[in-house]
């Protein structure tokens, strides 16, 4: 795995570990809560990941957008769905979000390339994750 | 129809009309685009309304939250789904969103009361809309 | 002078006085600097007031919008110019600014009504100010 | 206890209860964490309350500002300290924070009046709290 | 054309093309609207570009600031006018905008150097554009 | 002095000089005021630096965070205190601040390494400053 995504994952993992090993109990609790919130419940984790992508984009945080694009792709979000999500972001957040959408499109391209090559990444709990989940058949349709 | 929601609807309609009647072509186009984006497509309008609710809440706009709570309720979003949405808002946006969630809970209560009484409101295009859509059977399940 | 604008002016003046009388030297200096920045220079105070209106609106501060609408009207900004400014706000800041624009339109209406009746308000330095400046002939054309 | 502060407390308590009684486990955990973070630790709860006031003000949330003004006053923050805090808010956050500072000054005035009359309010855990803590001698000096 | 500006232009053009070729109709419409809004009207496109610069800076988007600095320079905005604009940004948005102003000053320097060398860039519609417009005599004076 | 911090200091100093030498009187006044506000007063400069760190982080400005981490370290803020400050940032500002905290932890690491090597940096007024102040004995305890 090479390129920007690899760099992103490496820095993210290394620094999250540092935050959690050096941080106090409250920091750990926040991180735990942050994971719990996005599991399947009344709303699917897929829908919640899409919500997070929208929230990250209107708050204009590139690293968050990158992470949620990856997670959404893992949940089987299609390009057509991504672009409708970008519409929502653009209309609610305005043209100030456009530079972030430009970078999102580039990131999405790298995600799709890796997925096409069947590359995987380590999940939070160390298990291997496919770059894309469409082929796993576990994807839940939104419509 | 009485209370805060009625006041909200009345002011919103009156001022939107003013904006559109006095505004220029570009303003009208933005409003048109704003409607088009939320229709059913690759993503359901229900999912998009939930996205808008999240975006409005992390950007902390009370009027937007009110409007999207109403729209989500019309799309049949359940209380359990609303509270999972509030979790996403709270985690991404932090405790600064709590005062908005307090007001959201109050608004939601008024929406449910009206729905229970079978009250309707005028939709954008003048047709009557039910306060809730659950009983219409047209609701698409998220899960 | 009655209505929302009067209430706005009264609270604003009373609290600014309190801030300045109880506040420390640095607070006074900030307020002074805040006045100096908008006087005529390489850019006209008219252009700067329009800039402030845009900044206030994309940062979504209703009180700031109200104040800068008043100041812009004093600088002779026309309705057509206001609506083109609203276009800029809407495109850059997105639909999240719409509730603020609805309130801006209502405020603008009250400003124009007062102007039509020839009402005046006290300026910062106590001198009387016309609600509108068009008739004074001192207005500088933008184009 | 009367006036705006009483209304604020009543709505805040009532809606927090609703959020917690109707909300899910994650919402409760967030609220718990939100309390834990501000207890005495390496930094005093007084310093943390001042930090919260600054954060609330630069993020421009009036209800949050009101609550942290109350909490800071309970921690014995003096008017001189409040105004130096307002300086920090104003410099970092800019003139867009001024309307919030105007409302903060009004709130502070009501807090001091209540304190002078020896009024108390119910704390989170039901115990009575003094409006001000200066006279309790428990205040820790910042300097 | 070399340096940061060239890199900026290249990435911006390439990704805008991707967004527009892969995006849906609503995305295209937003981009169209985004162009229409800044043409000459009741307000000059020069004034509108200055407004956009202010909006971008108080919302703290470096790429947007870079683009609007370029566009403002093309509209003949002088250094004196730029620095008065920076004053407005700094006062409204606070010291949090300073890092963006530092980068803006560096960008402006590169823009002026290119202008002095008579370099041009491709406009949106493919026609060549001068780096500066002062010498073209088409500049409209603000004052 | 090498690495990211050195690059940060170099760019910051060079561009501040440019802003001040080319900027107008109002810009200089803002910069002066920005320094005055953080000197010892009713609140210690240490407390004010911590406030600035919180404000910078919830407003999500990496350069500001870097600068205030350096300044806080100079004021003798300990790692335990930094992590409690990160708790406040995380709770108030939400998970959207996490990428900034990851970078903050990396920056803090570089600051501590330099401090351990006894490296110094030039202060605003040209005098040499220690990377850490703990050993100078001038540190005022918070608790």
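Note that the chains take the letters A, B, C, D, E and F in the order they are written out, and that residue 1 is the start of every chain.
Keep this in mind: a residue touches a chain if its C-beta (ideal position, glycine included) is under 8 Å from a C-beta of that chain, and two chains touch if they have at least 3 such contacts.
Values in this document were obtained by computation on a predicted structure and should not be read as measured data.
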Chains touching both chain C and chain E: A, B, D, F
Contact-graph distance - origin chain A, target chain F: 1
Distance-maximising chain from chain A - centres being C-alpha averages: C
Interface copy of D-E among C-E, A-C or A-F, judged by whether over half of the contact pairs recur: A-C
Farthest chain (mean CA position) relative to chain F: B
Angle of rotation relating chain A to chain C [CA atoms, steps of 5 degrees]: 180
Proportion of interface numbers common to chain C and chain D (over half same, under half different): different
Euclidean distance of C-alpha centroids - chain B vs chain F, Å: 42
Centroid distance [mean C-alpha coordinates] between chain D and chain A, Å: 36
Mean-CA-position distance for chain F and chain D (Å): 26
For chain A, residues contacting two or more additional chains: 24, 26, 30, 33-34, 37, 41, 55-56, 58-59, 80, 83-84, 87, 90-93, 95-96
Chain contact graph, described as a line, ring, star, complete graph or other shape: complete
Sites on chain E touched by chain F in the complex: 60, 79-80, 83-84, 86-87, 90-91, 95-96, 98-99, 101-103, 105-106, 109
In the complex with chain C, residue positions of chain E that touch it: 33-34, 37-38, 40-44, 47-48, 50-52, 54-56, 58-59, 78, 80-81, 83-85, 87-89, 91-93, 140, 142-143
Chain C contact footprint on chain F (complex, rising order): 24, 26, 29-30, 33, 36-37, 41
Chain F - residues contacting chain B, complex: 58, 90-97
Chain A contact footprint on chain E (complex, rising order): 11-12, 15-16, 18-19, 22-24, 26-27, 30, 34, 55-56, 59, 61, 63-64
